[in-house]
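Right, I'll just put the structure down here and ask away after.
Read from first to last, the chains carry the letters A, B, C and D; within each, the first residue is number 1.
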Amino acid sequence: MKLLEYQAKEVLSQLGIPIPSGKVATTPDEAARACAELGPVAVKAQVPVGGRGKAGGIKLVQTADEARAAAEQIIGMDIKGFRVPLVYCETALDIAQEVYLGFTVDRDARANVVMLSAHGGMDIEQLAEESPEAIARLYPNPWRGPLNFELNQLVWAAGLGSHSRALVPVIRQLYRAITDYDAVTAEINPLVISKEGQVVAGDAKLETDENAAFRHKALEERYGDVVEGDPYEREAKKRNLTYVSLDGEVGIIGNGAGLCMGTLDLVQRAGGRAANFCDIGGGAKAEVVENALSVILMNPNVRGVLINVFGGITRGDEVARGLVQARDSLNLRLPLVVRLSGTNETEGREILRANGIEPGASGWEAAQKIVEMTR
Amino acid sequence: MSILLNRDSRVVVQGITGREGSFHTEQMQSMGTKVVAGTSPGKGGTTHLGVPIFNTVADAVRETAANAGGIFVPPPFAADAIMEAAAAGLTLVVCITEGIPIQDMIRVKDFLRLHPGCRLIGPNCPGLITPGVAKIGIIPQQFSLPGHVGVVSRSGTLTYEAMAALTSAGAGQSTIVGIGGDPVLGLSFWDVVQLFENDPETTHLALIGEIGGTDEERAAELLGRGSRLKTVAFISGRTAPEGKRMGHAGAIVSGNRGTAKSKEEAFSAAGVRVAETTDELVEMLVGAPAARRPAGEHQTEPGQS
Amino acid sequence: MKLLEYQAKEVLSQLGIPIPSGKVATTPDEAARACAELGPVAVKAQVPVGGRGKAGGIKLVQTADEARAAAEQIIGMDIKGFRVPLVYCETALDIAQEVYLGFTVDRDARANVVMLSAHGGMDIEQLAEESPEAIARLYPNPWRGPLNFELNQLVWAAGLGSHSRALVPVIRQLYRAITDYDAVTAEINPLVISKEGQVVAGDAKLETDENAAFRHKALEERYGDVVEGDPYEREAKKRNLTYVSLDGEVGIIGNGAGLCMGTLDLVQRAGGRAANFCDIGGGAKAEVVENALSVILMNPNVRGVLINVFGGITRGDEVARGLVQARDSLNLRLPLVVRLSGTNETEGREILRANGIEPGASGWEAAQKIVEMTR
Amino acid sequence: MSILLNRDSRVVVQGITGREGSFHTEQMQSMGTKVVAGTSPGKGGTTHLGVPIFNTVADAVRETAANAGGIFVPPPFAADAIMEAAAAGLTLVVCITEGIPIQDMIRVKDFLRLHPGCRLIGPNCPGLITPGVAKIGIIPQQFSLPGHVGVVSRSGTLTYEAMAALTSAGAGQSTIVGIGGDPVLGLSFWDVVQLFENDPETTHLALIGEIGGTDEERAAELLGRGSRLKTVAFISGRTAPEGKRMGHAGAIVSGNRGTAKSKEEAFSAAGVRVAETTDELVEMLVGAPAARRPAGEHQTEPGQS
């Protein structure tokens, strides 16, 4: 789950990381009241993507009227596919230095990595490419967590040793967010250092591991429903499908992530564009196929569907019967190409053909067929 | 010969009494895999599928000399199951479970450093099969054929596709290893390629990668140093959607690496041919056009479908 | 710090370990009220030593009047040198099995050890000697803590596998007591299993590491002052002295634990008995010596004092002057023998002699002298 | 020769700017110990007692090639300081600090398994001295004399007594090691005895033990296997009061071991003589009656008292 800025800040604040005063506003009037109470604020769009500033989603205001006007503009605007549901009004900060503090999983190292740089802000990725040595890194042992001396070394390596007394506790607590909430990314950028040497989280990002959701039901309940993302993805999630919306016109169902990705590749190679990624997992039971098909058909851009199933344990004839049943119960009118391989693939193809469904001999042939039919 | 799994492998199945564990244990047994024990806390002393059940893996190892294991337990308990298997002295542990939290696996990886004799495959993988000999996991054996092509893959179903295509083309396999699709894995491509390199029975290698991480790049580097294997690589996910990124942290760590392009270039630079489809993979590898006879029908023993 | 039973149970209960209902009573009337409320109870003396039961400090009662009578007997009684300050009235338990669960530091292994046995109760030490295999042990890694599978193995090894669902969480939480409170010993004996398979702590012992007291000020504030132990030890603690009361008549001061212990040995070898162990640490400043002397003299059994100091960094003449000063300001009338060695020992001895203090040439000679003088 | 500490030892002092750290660094310097660096976070780049100060031990090692360390930091920070020293690659770490929580030290001991090249002495110890060459810690060097008697002890002041008595008797010392009095220690008697056994310059060994634990028993076992050293042991605390025990846990673990009697019997069984006082120890060891000349006066350099 990707938390919004104000949610991530709530979480970090509970762990003892200083955050600026701020208030959530779901209407322009609420934003005006927040400004009246807090003084000059930044009115910030709350969406789970980066680049809000450049998209016009952050405005600095001095008065309640300005805050109302800013919120009017921002609430409801679309930022990279997300409708802004609310704004966060936050007091303006006294900034002496902007530091970058980030955490992620380094999959090559099979380890967590904490990164700290004296040069925070938006250009951090560029910095990482041009001067990687400007970003100090720590790979804490996952059982021990970061040790005191390791944190000190990190802070000194980043050239921030003179602020270690303020920074070390923040890093330690950010790391706690990782272990307490199974984060896969946690970031404070900028971490603001004031002229008095106080640190405060200027922005905050927190993404948790979907695989660990069973351990964090309270977090899901509290924050899970605020953002309206892609409606099809929401629907698919409800139905326990692995589904990602894409821009094209060919609906895709595969069993297994690799096969599904491979199918996307084949459709593109054939000149088409996929409308989605949808992995129905190991077997291919009629009800699961039906579920997946019905979500895919919610998207009006879809002009045809390609199903690519490998029958391992499940027999091809069973899969074929399931597909026919799903198509019939959904009353599917769009072109449908099914590529079926594996156990009893011949029998399966017979069944498909007998029921008017086009079988593809290979994935590549099937992709070419569906692209042709949806052109 | 083969890698990792052979006639001496004595397998203990964790979670043997569950639905998945039961089903796949029967599949393993049906191809002759020596399943010598199962574990299920509280059921020690009983028998399931003709296999003695123990409360702990340590008990199973002590009583049956099991040396390899398959894990079919739900995600919340899988990390612990892997550590239990390693601590009990198994030298090969195959974890099929999908959906283990990343932080759990990071801890497991550190734990495994204490048990360097233990090789973990997975999690979130189909396991491995040495055709005609044994399997641990869920790879459908009816598409396999004993032979000399090593297969290593991050994907489940794409592995089956490649295996079936190889078998159709008459090209048997030495061992097929699905290393799994999770970000934090046991054996990497590098490890498995190294094993195949040292297996005299393996002459060809099919490597099926995916976008993300740089395990493929590192395997390419290894192959580039000189290899006796005729290798073809395939990378899936060239057109896969990027996750909608929020922060910079991931990008800082991975930079431009991990894309399909970077992986394909790495293999090309290492002198390894790159296929665009699994059929092409087979064709490049064994020369034969994929003139396919219906797969799944060259072995017709009952009870394997 | 050694917690009393009810204190340890409060701590364990906060960690989620089930304990019986109980009430603290400092007067017989309070005990009667507790029994009226709870029904039949055990009235248990609260002292930080074992063997209460055998000493008559635990009585089972059915009625409020019986409870009052029991408390009247128990409160104020002396158990192994501790005056019982209060009793704990606890509901009687439904016992199907008594299990032993203990934790301690195994100094030979330089590790923590958790011990579990299906045969709990008072005879556990005997069991350990006669059938050590009846006590299952787990040495958890101190960074990882006990892992699930390790706890399962422990429970099965103890023959308690059928209760693992109830036992494992208790063991895990007892281990948390160790890490949260820096325990050096934690014990639940018996850990009672009821006929319904519920577990509950029948007794509880918790001793924390004095070296870690700086991390547990709240615990010290909450529980530190309940028990009146040895009055001299209390006084010494206030003055930051390492002091242990003993039974004999020769007061002892040494600098360094080893030297101090060695001095005890010499006094015994010479036929005397030490009244205390008092280590004044590295140097031997006048004020510290004075402090130590004044605590030792509070004990009316003391008939003479032996001081054994090695002057390393501190010079012997300085030590001697400090001793003379301390003796004079305390107006000490009892025999005093000082053994001074190390830097400038000759000068030091001259000063002592000139001030009428008997110097000992060696520890052994000094011990013989003081024993003779206090006979 | 000597053990652990010699002319090549390059010492970094953690906590060098504190009162204790400053005082004892001067003492170490005055006998010629090469103190090449100190650490004090925030004071990196400055100089103290003529020694360059660094913010971290890693910096100090990189810049000065320090290979040994002394720790004079307060108990709450000492465990971290030990781990920092080990992680920075020091091969000898001496921790003087008294009062480190036991759980901290148990974690440190596990951490040190990752750094097998690092030897820890202490904590709660006086450190070690190679007379005439170098010292790390607080042993008063004015009572030491170069020679061939190895000394290893759990106690501080008893060590000084034994050292002074040996020196008075004209018996010099190869190295004197105070391993410390805490329940959880770095090097044990066993480790140090082994080192002395392999040091050709050491011919005699004085072992000063204490009640508690079974480290003395294990060292006795080692000596019992055959030793070229003439060894005498002394155990203090024969009459020490037992702690007022609450629970059974301690007794279950230690049983009857750890008493003065058990230790003395172990040494006797190993053919090692046991002295009853430190004077007797010296007499048994070097034959000379402890005809003492005033100790502390055979070296009269200024600034060492």
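Quick note on the criterion: contacts are C-beta pairs under 8 Å (C-beta built on N, C-alpha and C of every residue); 3 or more make two chains touch, one makes a residue touch a chain.
Because the structure is predicted, anything quoted here is derived from the model rather than measured.
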Minimal step count in the chain contact network, subunit B to subunit D: 2
Looking at CA centres, what chain is most distant from subunit B? C
For the interfaces C-D and A-D, which has the higher count of C-beta pairs in contact? C-D
Centre distance in Å when subunit A and subunit B are each reduced to the mean of their C-alpha atoms: 28
Could you grab the centroid distance between subunit A and subunit D? Build each centroid from C-alpha atoms only and quote it in angstrom. 57
Which positions in subunit C touch two or more other chains at once? 141, 143-144
Contacts with two or more other chains occur in subunit B at residues 107, 111
Touch graph of the chains shown: is it line, ring, star, complete or other? other
Chain pairs that touch, by label, are A-B, A-C, A-D, B-C, C-D
Which positions of subunit B touch subunit C when the two form their complex? 41-42, 44, 55-59, 77, 80-81, 83-84, 87, 107, 111
Within the complex, subunit A is touched by subunit B residues 23, 27, 75-76, 99-107, 109-111, 138-140, 142-143, 153-161, 164, 181, 183-185, 208, 210-215, 218, 236-241, 244-255, 276-279, 290, 294-297, 305
Over in the complex, which subunit C residues touch subunit D? Could you list them? 2, 48-50, 80-81, 100, 102-108, 110-113, 115, 124-125, 128-129, 135, 141-143, 178-179, 182, 184-187, 189, 205, 207, 209, 211-212, 214-215, 244, 246, 254-259, 261-262, 264-269, 274, 277, 282, 310-313, 315-316, 341-346, 362-364
Seen from subunit A, its contact residues with subunit D in the complex are 144, 147-150, 152-153, 156, 161-162, 164
Using the touch definition up top, name the residues of subunit C that touch subunit A in the complex. 141, 143-144
